[in-house]
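Both of the next two complexes hold chain A, though its partner changes from chain B to chain C.
Up next, the complex of A and B:
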């Protein structure tokens, strides 16, 4: 850079206004080098991961398959969310509401067809596409506001969005049926898989497909020119603008992409139970999502996988604990409501202190150290 | 394409092909296996209950009583030599949790049947799942008409009188006692409130004013204010206990005097007076309805039997209307299980309930038949006077359709020895 005025000492010391999120983020992504097409490599990775999970679901009992399906549904959301928060540095606390938008879209589309007596395998993909479109639109609106807001102000606005869900669903009871929520026809496995095919396995496959698609597209996006713009905007808006990046447009686009992913995740989450109700998308969900991606490792798609696994594991934790240890009624009652939140908070604190890069960062550090030790000859 | 990439692709394709071979054999074996939840010595059943959350006051005592009754049955040898294991899972009255715990009960714990899943909004969201799994879903603890759809949900059965039956009977009494009065409706913002309103309006025509509440919002002040502004003289309330207490408390606070006529699900005097504390005096004169023996009626043989069981297995909880509910429902379940025969299957259990013919503590007969899955057919009114809730007037029966409200004159039944049904 050609500085025209002599730089003072403090200017040199201080790196150009780092985002407060910087500490939690991984370093610059490893340069991929000229090792073939990124798209092909990611595609192969996705097919491999998909095949492994499909093999796994063939072995699992129904309830565990449902958990796999839940992890995949949440992965759609956390992957998009971590790109927004980690790579673009925009803090949203409203992703639970975006999930709800996707879920309600799926429910309304499916009910619409059901009431008119229309049936077909194409309704599910169509309703999920509609969910992505509707949430992307919602993301566009929020993103336009977000591009004008920074830090706590943005968090405040998106937090307000998150609290809107129950209100909207109860005010427009005619459409959303209040707290009772909407039911729509359950998704059943196609006939050619056999009469005894586990419905939960079929659900797991649907969720898996959605998750793989999301992660694949995001992985490519992150490594593309757009991905570099995201990081540039996060690190220094002025420098990004000087480099010819349209900052506002990049921020809005990041919001749209992330919202679309949340919508898909929310839609799949609704399909798993064939119902949507506001109770599924409380304010805590938005906070849990944020905690999950921070614990997993902000800005990394692998970290998003960790986060999704954690979100599902913690859902089942209270009942598991109360069943394993026969606790007194009163204590069990108090735990049921609050345990997940407490455990999540505790993990968050520990991870922040011990491994600021999240679980993903910790695993990477350990792996790198092991590799270095193996490579280094004994002295 | 570089060799590494090609190798990975090849491996991936191979794996994908391998995975595509469906693992049908395993599932087929599972489906053909024995009846889930039934062994030679045990029958495992499950339920979802609000042990925490907005509906926990009062309702959390129901499953405790049901459990106590099963302990009593088990201590006498169980049903056909099998002990009943009752798994109670907390859903906090949040439909999202209900979905999760019911799937866990059915898929993971492999329960034989669900018994007394509590709540309209909560249980509505598991109907589809219960149907696909063909699990007997007996005696849902709610009076929604949703449970009475045998062609849509063939394994689901209601137990208590549905809210429309109740609404019709309450409104008939109001019509007789308060001719020409301004009658209003206060209800939960779901099928509970809507079904009740439908029954009321069938008898009275459109009400003067109607207001609703949602369980996640404790602010009922504006709704009560609106009822006061409309000049309501009678308020028919379809509310769960916590919100009956809130609404009547608000009305008293705003100086709004009306006759409160409350659905049985939100009118248990013990529960309400616990919630209101020193302010319980505002409950005086409240009219409600019920279909089971009243807990204060210590001369009633059912209450005497239940009290014995309560003192032995459930003494830590108060004996109130919720406990009587839990005992009576458990009694009906044992009747159904006996009717299903020595080697019960899910199909036999459903058939046994459809056949009906159970008489127990309830004041009226059940409506069960091949094409009706609704429970009790009527209620009797009660009133709070001098800190006690007691029945008055005749027992009425009707249906959720256009049938007239008629008096039911058959005398109530007496319990068998130890309150254990034999057939």
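Up next, the complex of A and C:
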């Protein structure tokens, strides 16, 4: 019964479902419009969203601000990830390892400057840029292999990548300090904000800026010619090649872009706690990220926002539960972490069976049905 | 030289376990055209059942039997209540559902049994016997090799000599035609899952005593290695899975022995990539390489 769902869903999106080639052509005038206005619209949206969050951080206590910061850090990752999996159809399970790459780059750069006694506000942006560059390079290497692999093969290879994090950190103990990981100087608010400025609020701003930049760039990328190529390759490789799209290059580029976003997210994530350790990037992290974008809705950036929010909310679920209900020590210890895992897994399965389009897709389907029902009496 | 021989024997023994595990992956691939990413977690769950029964009754063999039966049930259950209802519009759907299952199984195991390592005693001595002054296989290694050999022979007999095996092959090869000829394709699929999970359960029972013990994540790396073994042999070929398993076991044994245990995951990745990029159909495939 669920086998028919995806086709009905795409019927809602694209009524006639003609040849896939048609999707390569520019969309209907109503959907795209002149290029400049798309950019401006996205920019306006980003500024508005940013202003709202900045106002919000003003009201929140430190811990909630840290949660906002974590949502923003994860948003960098999920946004890039959803472009890869949803729009390009390449399933990577190694994005946790890519986050680790970004996080360790930030830690190494910051420690490098700290040991030489160099200080300055430019170190943070520089280290984050380095994180993006290093991860994009890693993404290029994986992407070159990924472009030749399909479905379960790609998933298997990237799963192997995800298991590498602890191994690499212990092989090169001198650089990565093994299981203990690396500490680096914490990021403090600049002096002009006042001596009593909440540090968590400053962290939330940093993460917010990174997330807004990522989403803004990706939103434009998705709407561009490259974005259409991504979808064309996902839907039908042969048709895409016939239309003059370089399939392998598109896939590699998608991997590089998505890896860069994961690196930025990982870097920001490291900045939030001023530490990196292999234990923070276990295999499950990659599965959590997958769950986040599946629940949010594969292939839409709005879905990535849903996913990032859910990820942080569900990660805080166990401690919330143990606080609310006074559980016995042993039981609480067993539920700790495991409960979130179970909930994650169940949601992943249920969403995949009941609403493969995720939250975003479900909302759109319901909206489309309501619209159809409202229109029906007129006939 | 002694060291080389020691590593060779050890590699064959662990390779046999990888072979059994890869065989489970190949069984499901042949029946349903999907890689079961939940195979490792399912095997761990059945190993917990096995060791619970073994410690309750005091008999390893009852525990082993319980694990295999639990594997049969779990495999059938997963197919009947879960995988059957996954939409096939997108090949990623099945992978994603299997990964969700991994999270659920590991979480439930952690909640019921705790996240710590539980001791899993081996039924035989794990110290290597010395033959002519050279440390060779241990009794436990011999048991592992023997058990895997028996399973491989039994499966080969099942598929080539029995009517049910013929029906399973037909259902996997040409579902529509088989249905017209009166084969219950859905039941064959369930049977394929049950068999694969039972083989996985056996592999789990064999591998757990050689590691740190029983743990919800005990099979994470084993799964990745077994996947590599299956890919090395070509996902379509049971014989390839066995040879691939032994080969991967040997290679990893040498890498671990000469370069250190931390390098194992790196070696797995390199091996996997090398095989996939050079011979995507596996080393033993006669068919044309996949169209890229």
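Just so we're on the same page, the second predicted complex is superposed on the first by the 328 of 379 C-alpha atoms of A that agree within 3 Å, B and C clash if a C-alpha of one lies under 4 Å from a C-alpha of the other, contacts with A are read in each partner's own complex, and residues count from 1 in each chain.
Just so we're on the same page, a contact is a pair of C-beta atoms (placed from the backbone, for glycine too) under 8 Å apart; a residue touches a chain by one contact, two chains touch by 3 or more.
Because the structure is a prediction, the values reported are computed rather than measured.
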Superposed partners chain B and chain C on chain A - clash or fit: fit
First, second, both or neither for A:290, with chain B first and chain C second: second
First, second, both or neither for A:89, with chain B first and chain C second: second
First (chain B), second (chain C), both or neither touched by A:271: neither
Touched partner set for A:215, first chain B, second chain C, both or neither: neither
Partner chain in contact with A:124 - chain B first, chain C second, else both or neither: neither
Contacts of A:170 with chain B and chain C, given as first, second, both or neither: both
CA minimum distance (chain B, chain C), superposed complexes, angstrom: 5
Chain B/chain C common contact set on chain A: 170, 333-334, 337
Chain B to chain A touching residues, read off their complex: 1-2, 4-5, 8-9, 11-13, 15-16, 18-20, 22-24, 27-28, 30-31, 51-53, 56, 60, 64, 89-90, 92, 94-97, 99-101, 103-104, 107-108, 120-121, 124-125, 127-129, 132, 189-191, 214-217, 316
Parts of chain A lying in touch with chain B, wherever the complex brings them together: 35-37, 40-41, 44-45, 47-48, 50-52, 54-55, 58-59, 61-63, 66, 166, 170, 173, 177-181, 183, 185-186, 188, 193-194, 196-200, 273-275, 277-280, 315-316, 319, 329, 332-334, 336-337
Touching residues on chain A, where the partner in the complex is chain C: 1-7, 85, 89, 91, 93, 145, 148-153, 155-157, 159-161, 163-164, 167-168, 170-171, 283-284, 287, 290-291, 294, 333-335, 337-342, 344-349, 352-353, 356
Interface residues, chain C side, partner chain A - complex: 34-35, 37, 82, 85-93, 95-97, 99-108, 110-111, 114-115, 217, 220-221, 224, 227-228, 231, 260, 262-266, 268-269, 272-273, 276-277, 280, 290, 292
